[in-house]
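The chains carry the letters A, B, C, D, E and F, assigned in the order they are written, with residues numbered from 1 in each.
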């Protein structure tokens, strides 16, 4: 359970001995993610996706992002032919759920891999570098980190920076809705993001006794 | 959040000012329920229903049961033309999730109705009698209350008793899978159920300061 | 074709030489059921489920009940690794369709198994005890058997008793919609049900020349 | 219930006081049809369409054909702004179900309209000409009427002629699967079809006392 | 890309080395087709079928027709165990898209098979006879070939003739919507169709250098 | 029809007089987009999304991106309460289809708005700044613009820069799959992107005679 402000996300990692069909026999592991929100995680009730009959576009986009981000910090040869599914379920939401899911998802992944190492199933550590994410945006003309929900919904520009513990970039997404931004603002946001991620990585280490 | 043994269910109640189409203008309220399980609430990961593209038969059956049971304790005229949706999401499961959902759902309903009464939106209390549920079964030939998961999956006969605080029956379900039972066993189970429900009702009262 | 009052249900049994995946190699047979209603089986036309794109919750609930009930009277070892699918299609409905489907479904099952025995494919009879069902309810304060549709839709409490020829219980379902009932009423209903089932079992024997 | 050889189709007509959105206020009636097969109407069990989650292409094609054919014999101004839905459910199938459905569907439509006329709801008869259909094909090089199932599945060329009582053509469909036919054969089939339809129209008149 | 008047259809043929399951090991090839319309191929925008969640009944009907028609001109033994999928995507529509798709689809098929023959993968030519199609109808009482969209939508009777280069019939479809036609009109249409198809076959030969 | 290398995308703009429900009465216009690929736009045939029964996650992600990007260059007050739907259908694909769709989609939008202005339906031009997009990536360690398909599928890092004619940023997406990148590389890519977009904007102006 990761808590970033009033955003609470329950992250779990489940191991399966087999990999998806497209990887069979390739000697590589796979890390994938699924994302969901409880109907009452938001202040007004959302429709349950299982009732709607499918995952919405936003959900699909987010869970693909989580999976891709976590894989960037994984040595898939070292992981071996096994799949780890990281489930991120938002219990309470106040902005930045996808970043909280990535940061918390890495903790769940770390703990699951620790177990595999302890059991002797994996010899060299496949988690080469921690992965964490911060949301940010331009709110009232000012670059800001960790938008909460009221800021997030008013910000004309918002995005996410996903980075490793060694400040390598994994994913930069900076979208404007009915607005634009310039390159200076982009650079200021990146400075903020680097600082934010390094704090999160410290917290991840604390949580996993690393 | 109700915890019965190792079963934890998050129950919330959401108010809407309108009722479903079939009740429009009838002057009656409606209470409905939705039920879900997090993919990792069970010891081995379950497939997410939103991914499967629909709610399974079991889910639909359970959420209809929860809604029907809660309505049995509601004076729908007193509630007025408003709908309360009770969401029951299983965070961790160890048998008896539907009973925990009903018992906890009533607590969420009670708290939501208390707010409406305090705000003066409702004049007379529509929750005429508490509603609680116990699971039971015949395990190794013996009638047992509150089966946990290993017992539940081995019991040839299991079911649920849903009752009000004044020992009125709302629903009795007693199913055999590849087995049968006789009327004596049925009666012993009902004795056990009456005792179990009265303990739950005390706990509900404590949780809602009634 | 079973006719109970104005309720007519066409029941057929289809044999397949293989069992579902979860039973492969277990040496056990399987009996399953599907249920449907013709759009004009009711007095006002219902929407066709194939058009709606899925089976409704009620249909799923009923066909699971039929399958589970019939299996309770089957020695699955004696049946051997084969599956029998019982299709119950309601041609005309006037209350109690699920009970008619179970009672008539057992007749279809009996006839199908008789053929297998005659052909020498099965050595010992897997149908150890007939299975029949009665609907009942509390109508105008009075316990009543075999509710027809007008009674059924006004009864605050209704349910089904599914039993074997030797009076063993398979399933008891007694639901209240916006009402409750007490234990005395429950006991009276069980007395009525025992009588009703024994009449149905006689009719089943007559229909199958047993 | 129409029986053509071993093909039995249950046809019903249901009246609704409103027309589909595209006809609102146009002063015209609408006749539409739905078609289904019971899973065991064929000698080996078919999958239920409600389970498959949608109507197959064949079903959609057939029910559009039935609706279009029946409408060709209807004066939609005389019918007025009401919709009649004709349900054709195949209880037992042995070839030619779509033709049986059209011929029987017209009988159901005739009876429903008779009621409306008797009740004074309709002043002039909207059913201007009876509609009936015959299946035919080229089997073993020979034009044949009313193919039964074994013939139908071996015929390289088969089709349907849908005509009115006054020998006007409504629909001609003549398909080859992996074969072709010439214009002479086409003409012979039309001669046969005219004869077949006039026999069916006599039977329709007998069934509706016209 | 076939252009018939203002109707433009992009036809492609894709080869796969395997056949559908029902043909495995039978030594026979398969030709199938899929059909689609771009949302803006019509003068007012149509809803995209991928958004609607399924192919409409009309699409399914048309693509089955295209596949069946093309197969009628194919020697499936000579083709060998391979499948060719012909995709027909309407870029711009002005009536008669299904006929254009069949005529153009045969060209795509011819070119694909030519490649296989050139590569030595097929020894004897499986395309025994060209396949082409014309739309026709009765417009203002007069039999007409190649209805454009305004004619098509007003014609009470319209249809398609699908024929081979040697004037064998593959499929005749002549439907009336709210109208009927007589046998003389049918014969006049067939005369027109024979003329139209022979012109198309010349154009096909020109396009494939045969 | 925009052609960027071997990528060809057909872009059309369709005007509707109404806006989506959430904008009713707000005095604001809406621009939305849909995206599709013909099954044979790629070198090996893709499955048609209408057949699969839904738009894939990638399609949904792309069409949301196109819509969001185009809206960033639109003055929605000046557009007034009307919706323009931009359809982008990929006829042939060789990398960078989403960028080609945005750049070409803006041209379709420009032409549609020009018509509205000419007709006097819009008084001040709502297209305040052209919108164009370039794909880029890190291929063999080197920042590269306009990856074609073979480069794209091997690049560990790829993304898109969406900008206006005045070099304002609309969206930056830079994803790593199994790799990471540093801030210097990010900056080099942005330099390349600015140059690429200004060339595209010139081409857009040429195509729309602005």
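Convention: a contact is a pair of C-beta atoms (placed from the backbone, for glycine too) under 8 Å apart; a residue touches a chain by one contact, two chains touch by 3 or more.
All values derive from a computational prediction rather than experimental measurement.
Engineer: What chains, if any, are shared contacts of subunit E and subunit F?
Structural biologist: Touching subunit E and subunit F alike: no chains returned.
Engineer: How many steps does it take, at the fewest, to get from subunit D to subunit F if each step moves to a chain that touches the one before?
Structural biologist: Minimum step count, subunit D to subunit F: 2.
Engineer: Please identify which chain has its centre, taken as the mean of its CA atoms, farthest from the centre of subunit B.
Structural biologist: Farthest by centroid: E.
Engineer: Using the average of all C-alpha atoms in each chain as its centre, how far is it in Å between subunit B and subunit E?
Structural biologist: Here the centre of subunit E sits 58 Å away from the centre of subunit B.
Engineer: Using the average of all C-alpha atoms in each chain as its centre, how far is it in Å between subunit A and subunit E?
Structural biologist: Computed value for the inter-centroid distance: 50 Å.
Engineer: Provide the C-alpha centroid distance between subunit B and subunit C, rounded to the nearest whole angstrom.
Structural biologist: So the centre of subunit B lies 26 Å away from the centre of subunit C.
Engineer: For subunit E, jot down the residues that touch at least 2 other chains.
Structural biologist: Each of 54 in subunit E touches at least two other chains.
Engineer: If each protein chain is taken as a node and each touching pair as an edge, is the resulting graph a line, ring, star, complete or other?
Structural biologist: Its topology is that of a ring.
Engineer: Which residues of subunit E touch subunit F in the complex?
Structural biologist: 10, 12, 14, 16, 34, 36, 38-40, 44-45, 48-55, 59, 85, 87, 89, 91
Engineer: Where on subunit D is subunit E touching in the complex?
Structural biologist: 54, 57, 60-61, 64, 68, 71-72, 76, 129, 159, 164, 167-183, 186, 190
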